[in-house]
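First chain written, first letter: the chains are A, B and C, and each begins at residue 1.
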Amino acid sequence: MTTRREFIYGAGASILGAGLVARSALAALPESPSTDLATMQPPSEPSQGRHYHPVVTLNGWSLPWRMNNGWKEYHLTAEPVEREFAPGMTARLWGYNGQSPGPTIECVEGDKVRIFVTNRLPEHTTIHWHGILLPSGMDGVGGLTQPHIPPGKTYVYEFEAKHSGTFMYHPHADEMVQMAMGMMGFFVVHPRDPEFMKVDRDFCFLMSAYDIEPGTMTPRVNTMLDFNLWTWNSRVFPGIDHLVCREGDRVRVRMGNLTMTNHPIHVHGLTFEVAGTDGGWVRKEARWPEVTVDIAIGQMRAIEFDAVPAGDWAMHCHKSHHTMNAMGHDVPNMIGVDQRPVAESLRKLLPGYMVMGERGMADMGEMVMPLPENTLPMMTGTGPFGPIEMGGMFTVLKIRKDQRPGDYTDPGWYNHPPGTVCFEYTSA
Amino acid sequence: MTTRREFIYGAGASILGAGLVARSALAALPESPSTDLATMQPPSEPSQGRHYHPVVTLNGWSLPWRMNNGWKEYHLTAEPVEREFAPGMTARLWGYNGQSPGPTIECVEGDKVRIFVTNRLPEHTTIHWHGILLPSGMDGVGGLTQPHIPPGKTYVYEFEAKHSGTFMYHPHADEMVQMAMGMMGFFVVHPRDPEFMKVDRDFCFLMSAYDIEPGTMTPRVNTMLDFNLWTWNSRVFPGIDHLVCREGDRVRVRMGNLTMTNHPIHVHGLTFEVAGTDGGWVRKEARWPEVTVDIAIGQMRAIEFDAVPAGDWAMHCHKSHHTMNAMGHDVPNMIGVDQRPVAESLRKLLPGYMVMGERGMADMGEMVMPLPENTLPMMTGTGPFGPIEMGGMFTVLKIRKDQRPGDYTDPGWYNHPPGTVCFEYTSA
Amino acid sequence: MTTRREFIYGAGASILGAGLVARSALAALPESPSTDLATMQPPSEPSQGRHYHPVVTLNGWSLPWRMNNGWKEYHLTAEPVEREFAPGMTARLWGYNGQSPGPTIECVEGDKVRIFVTNRLPEHTTIHWHGILLPSGMDGVGGLTQPHIPPGKTYVYEFEAKHSGTFMYHPHADEMVQMAMGMMGFFVVHPRDPEFMKVDRDFCFLMSAYDIEPGTMTPRVNTMLDFNLWTWNSRVFPGIDHLVCREGDRVRVRMGNLTMTNHPIHVHGLTFEVAGTDGGWVRKEARWPEVTVDIAIGQMRAIEFDAVPAGDWAMHCHKSHHTMNAMGHDVPNMIGVDQRPVAESLRKLLPGYMVMGERGMADMGEMVMPLPENTLPMMTGTGPFGPIEMGGMFTVLKIRKDQRPGDYTDPGWYNHPPGTVCFEYTSA
């Protein structure tokens, strides 16, 4: 039934510009679509194959596939990319199909999946399908379960998606470097029964961290702890999509961590449960309510909640230096120190010099001190009531009464109803 | 019934020394009691309102409230404070009502709560009521759900306490700085039914970390990882209250983490279960036994256990550098290196110079080398059998047969009964 | 029945070379066997006492004991040791009975256990029996529950093993130093009923971290975060034993963490559950499937899984800098930078100078640049398909159809069956 033959896909001219193999072989390769936009692609119901409810990738998209004789075929291209972290700052990363992270792969439990991986990086790579149950030879560990994929070559992974859940893909070759450069993507296997664990909205994102010197564009790849840009899908506040929900919706948020430290993800306004991991689904008796879930490296968590009440609810990592953007942290504490005499002297030498931190650092949320090129303010963002003073891993969960089902359009800021307006109080 | 009008409380002369609003408005403000003592206030049963079993705040106290037409009214004042970390070391922090952390707020499920927050800091602030379910406009995220509270002004938060549990309050404005300066407090909502989840002793504390250069008093506020003082309720060993229990008591310890890293809290002598989080209570089928619970940042854990057997049981963070106080960590390993010739030369130049670490560092538990002003030894504390060689997040759970119910008086060290005395053995 | 008398074991000539006590006292001491080999000792069923299924300690062994009038007697000797981390690199540590970690102690629920601890270190020590329920005076916290054990003396711990589970032992004296030097060991209490929680293979190891400057042998003991050697039982890849299993076996892996940070342990190819902690066993309703378990410091986790399917499955900490060995991490990112002109100049000055990282760092998996003495490559190891490019906390779970029950012999690399060979694909 399935004839197999030894094969290394060359980098074909029409796709990769290198032309190492015959056109007849290339004909078998599915398209490898690419984009460098950082805008959320609306979820689209599958037009063929088993039915499923698609996920929404924050600031991202899902990879199209084609059916080929009973197999779903996808094509990932590992390559250098540029990614806008937020308006005003772009990084030079490595990713897939024009982006870091790569596009989300979606399939259905029981699907036979074939993924072509073309390497357009300057060094070898592999892909490990984290959490997916598959044969040892498809596991993607360079040297251990397969030869590395050399630059210019295409490799083919084939497996049946045996169980539904929340997974990811990333290299298992020169791993610290390739992940520090942004190589990763989400992988969702939907349940065979579309009613199983059905939710109204199903968001997903991966966490990655970068060490990019202010004023530069390329991450340092040997950093172990002192990262300065903490991202969701390689985006930072205020560049991260809002999670828009209709009041009463059942909502799932799937998150995976490929940084170098834990991220305690905190949601305001409601409680949630961990309903799934990269190992599978969590039975109901084993769950408990949380407002902060700690996600370790190499872990994925699918949290679920009922979207009530309406409002603008902060959602962020609770490590406060992860909700800030890159800037020097070696500043001494000037609280209580009158810097005016020094500042006067400095201003003569450095026009524009600002006194920082004498009364705390809240001023920085609105600061206008010139920044290096391609650098975001440490604390930034503006809400309906003034500066939000955040950065990094921070966004807003927007729950609205009048949002339509399936509508992810940002509704703007929440209009506080009478009775919760801030500067009122109930007189005695 | 509840007339509302726009209102900004000014900083009144009698309370705040600024006198910006009319005395008639100030008359509506409840008292904002203050203390700079670091001694545990015994729990007192509520004299009015719904009955509850109060918590005990380590080295702290609970904020008094008044009833006003069906609302419980509290008054927090954000302000610079001085906090003794342990005898011999005091820090200049920011806190509430004379202390860091601020006083514990206690109320009962179903209570209508009104909290006045006066800002006496040099910069704006807000308060976020972490874990509490409330309207979006009361959530305290500066810029997003409310304007920041400027210095000198008072803001009013109002909400109904919808569910019982273990919560906290902290700023959501210039967050890294304000939390690095110690701004936080505990918030307990007791169940409506005082028999629900009832325990005999109910302790609580918050974890915070500071980076205070030995010899100075003010934390660096930009530190991300390299803190040197790891505290429970802004106290370090041997300044942290002991947890005194009667043998057989059902005991709850509620802990919250607002540092920059996880704290694995270890209890000797018994096993416990996590019975609650800041999301609510954990059902019994979902619990399992532990001796160490890892508490992530922005997480709270209420652990419960039966206090057996009698004894002195260490309770501490299991990161060994979190059970030490501030000192240089850049010391090379001198183990096995004979330093005497060098030490002789150095002593001529620096009388009093000590050889450190040649045989390990246990000597430091008793060291008498002069320390900088306002600095604690790295390893300190003395028990019934000699130096304990700890610091930071370490205290003792003291379980006694003859402790009376509700008595938190420190009983002194445990008197080992015959049969457990150390230097005996059973002869063959 | 049990007469007790005050007793300090002296360091006897025949055992310790110091001869401070009478031979009659020494006669009571059990042997303190010692080894400096880092090879796995096959598990041996107990020949006396209650029956149990022994654990297998990676690169280690279990401490023999003798029965003495109803007590199981063990003898640990704390002392300086040398430990090979992997071929080519040996460290000077402190450990027990010739090794770091010390030998695993095994006993059975209900056993009366007596452990003699002889101190041959240059400073005092104690042993805390982490997780074990025992009298306060046996808990091993220096200063608090016992006097420290001075150099040259022997101390006796006695307790009944009240509950089965996964525990460890380590000093509670000069704790940061003594653990940074490698003092720790595993302690397993088997269930009284050998059929309870029975598995086919039961592995165990402890995680420890060291900061050893390349070219040297002794760890820095004051390091808080920046460790460079992340070990399982003081071994690093490729020096860590493989976990060899027969397909279909029920397998338990017990892990404990005594480093300074969390370790998210990831297993490829299958899902597992956490079946036990250092607090006891986890009931079935409370478990859920995982592929990565985050183990906090001072925590132990016993995970269980069915060993399917056959293959070579990577098992490692998911922090990518924990799967590398010691090397400088301050290297700037050279990706995209043409270093040839500089390299040419440098080669004139430094023959053998290599260009690193211009196209990523995968080349380092095979690099032949000279390393300092006693230093492992940062990325190393070779599998059936080429360089594995790992280090530190990485090993392979080898599941084989034809492995015999109880056979831990390494079967070599997995022979991929037809149908999973890498460079084939199913033609349309």
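By definition in this document, contacts are C-beta pairs under 8 Å (C-beta built on N, C-alpha and C of every residue); 3 or more make two chains touch, one makes a residue touch a chain.
Because the structure is predicted, anything quoted here is derived from the model rather than measured.
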item: Between chain B and its twin chain C, rotation from the CA superposition, multiple of 5 degrees; value: 120
item: Homomeric contact chain A-chain B: same or different residue positions, threshold half; value: different
item: Chain A and chain B: spacing of chain centres that average the CA atoms, whole Å; value: 35
item: Junction residues of chain B, two or more chains touched; value: 225, 262, 285-286, 294
item: Touching residues (chain side chain B, partner chain A) in the complex; value: 2-8, 28, 68-69, 71, 80, 92, 114, 121-124, 128, 130-131, 133-139, 141-148, 155-156, 158, 172-181, 218-225, 260, 262, 277-283, 285-286, 294, 296-299
item: Residue ranges of chain B in contact with chain C within the complex; value: 225-226, 262, 264, 266, 268-272, 285-292, 294, 309-314, 318-321, 323-324, 328-333, 335-336, 357-365, 379, 381-390, 396, 414, 416, 418-428
